[in-house]
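The two complexes that follow have chain A in common; it is paired with chain B in the first and with chain C in the second.
Let's turn to the complex of A and B:
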């Protein structure tokens, strides 16, 4: 993460069009892609729960969706700040990319309402898994929306011709994304370990009671 | 400080503050879990103590 921040500050050149504000790109896009990865990972774990009945897959799916929602919220906030500098507004309802990402975020935010409205047990695990699996369908829609629709507000950096940026910018972007994936991976394992420990301690307390 | 600099700094601060808050919440949870482990260890010791007491 330190290397990423250093590269953003000192290595990546300033964008000729947007100037300094373009530096938000190096955090905003990796955070958004990491949020997609978290939702995808959560859906994969949900599938494993429903298909293989793998123990612990439900908890892993829940933690992944939790991380995805945190990173999704950060995507919306950093994107909104960037929009204010570039477009002069905090939000543009006319942009399909923005609206679809908001829909995806709200969909997964509602996951917690569903999960905690059902008593703990197999029913809750199954319902949560089905919901997480449905949500994953929104990821390609959200990701491809900008390419399918003629969205002139939100810029398209990654096209079929490759990344539309200089080599130094792309290297900085890759390091930032790797840092973000490392961060989310670490947070995922720490949160998961905490949740597993919590549930085992509860079992132990019941045994000793 | 220009307006662009302020906005860029704000965007990075939001990310930093969120990660910091998350780590803080997790660390508080770990402190609670550590306390629970200590309580359960004491409870288990108290349970096992009469059984392990020497005969005679």
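Let's turn to the complex of A and C:
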């Protein structure tokens, strides 16, 4: 994490067009990709829950989605700041990625509404898992849909010809992404440990009562 | 063949209930007409034809939502969902039968809504729009029925369904508006893709929505 910040500050060359503000790219894009990774991981755990009935997979799926929503909100904030600096507006509907994140944010916010309005138990685990699976199907479909619905103002950095940036920029980007993944991994384990402790405590309390 | 006959029996049950009680379809019809009248006053004079098409899609999605909130109401009130789940047939037949019944309701509402829309706004409805509406209906009913089943299991029920449904309906709206105003084959392809993907997921996962 520290290495990533240092590289962003000193190592990566400044963008010819956008100057210093381009550096937010090294936060914004890794955060966004990390959020996708969280949603994917959550859906994978949901699938494991439905398919193999693995105990604990439901909780893991929930924690992954929770982290994903936090990183998704961060993506919206950093994206909005970047849009203000480079396009002069806080919100641009023409930016496909931002709109997609807004849709996903709404979708996963509904996931929490669903989860908190069903009694804890196997039923809730099933419903959450099915909804999380809907999420990974929704990501590519809405991506296509939003892309169709808009013109292309957003700079497409990754094309089929590989990343369109210089070597040093790419190296910084990779380190920064790795740092984000490490961060989310740590947060995931911390939250999971907390939640497990919480549920064990509750079981104990029920035993004693 | 028994799967199909189960589905047919379940769909027929819902349609017959509706014929006798008439508590969903009249509400949907009245709602869509009043929405269109409200839209007439929200759209300023000389508002474009394209804007009118956008409002048509808003009206259709919300009308469908109104019907879907009632989808599992009869089962819940009569507490027969557990009986249906225990019946010796594939659980996804419950979903498919319900989705077919909802599709019939929605098409019936649209059979009134589209002529009314043409009358009020004079937008020039063409075959592409009809195709878009038909494909969107499929997506709305497949996804909406499953989500209605989910919402029926929660405490919040009617409140929850729009929250669950609207983010998932955004691709449908984009595809539908696209076929009406931009008229591209790619929008039709998007709708077909959406219908196919989500129909498969719903069909495979409905069992987990109604069982523990």
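Following the convention adopted for this analysis, the second predicted complex is superposed on the first by the 198 of 209 C-alpha atoms of A that agree within 3 Å, B and C clash if a C-alpha of one lies under 4 Å from a C-alpha of the other, contacts with A are read in each partner's own complex, and residues count from 1 in each chain.
Methods note: a residue touches a chain if its C-beta (ideal position, glycine included) is under 8 Å from a C-beta of that chain, and two chains touch if they have at least 3 such contacts.
All values derive from a computational prediction rather than experimental measurement.
Of the two partner chains placed around the shared chain by superposition, neither chain B nor chain C is touched by A:89. Applying the stated contact rule after C-alpha superposition, one finds that A:182 touches neither chain B nor chain C. In the overlay built on the shared chain, the residue A:113 is in contact with chain C alone; chain B does not reach it.
In the superposition on chain A, A:121 makes contact with chain C only, not with chain B. In the superposed pair of complexes, A:130 makes contact with chain C only, with no contact to chain B. Touch criterion met: A:145 reaches chain C, while chain B stays clear of it.
Chain C contributes residues 143, 146, 150-151, 153-156, 160, 163-164, 166-168, 170-171, 174-175, 178, 184, 186-187, 190, 193-194, 197-198, 201, 205, 208-209, 211-212 to its touches with chain A in the complex.
Contact residues of chain B toward chain A in the complex are 2-5, 7-8, 10-12, 14-15, 18-19, 22, 26, 29-30, 33, 36-37, 40, 43-44, 47.
Every residue of chain A that touches chain B in the complex is listed here, in rising order: 5, 19-21, 23-24, 27-28, 31, 70, 73-74, 77-78, 81-82, 84-85, 183, 187, 190-191, 194, 197-198, 201, 204-205, 208.
Of all residues in chain A, only 50, 103-104, 106-107, 109-110, 113-114, 117-119, 121-123, 126-127, 129-131, 133-134, 137-138, 141-142, 144-146, 148-149 touch chain C in the complex they form.
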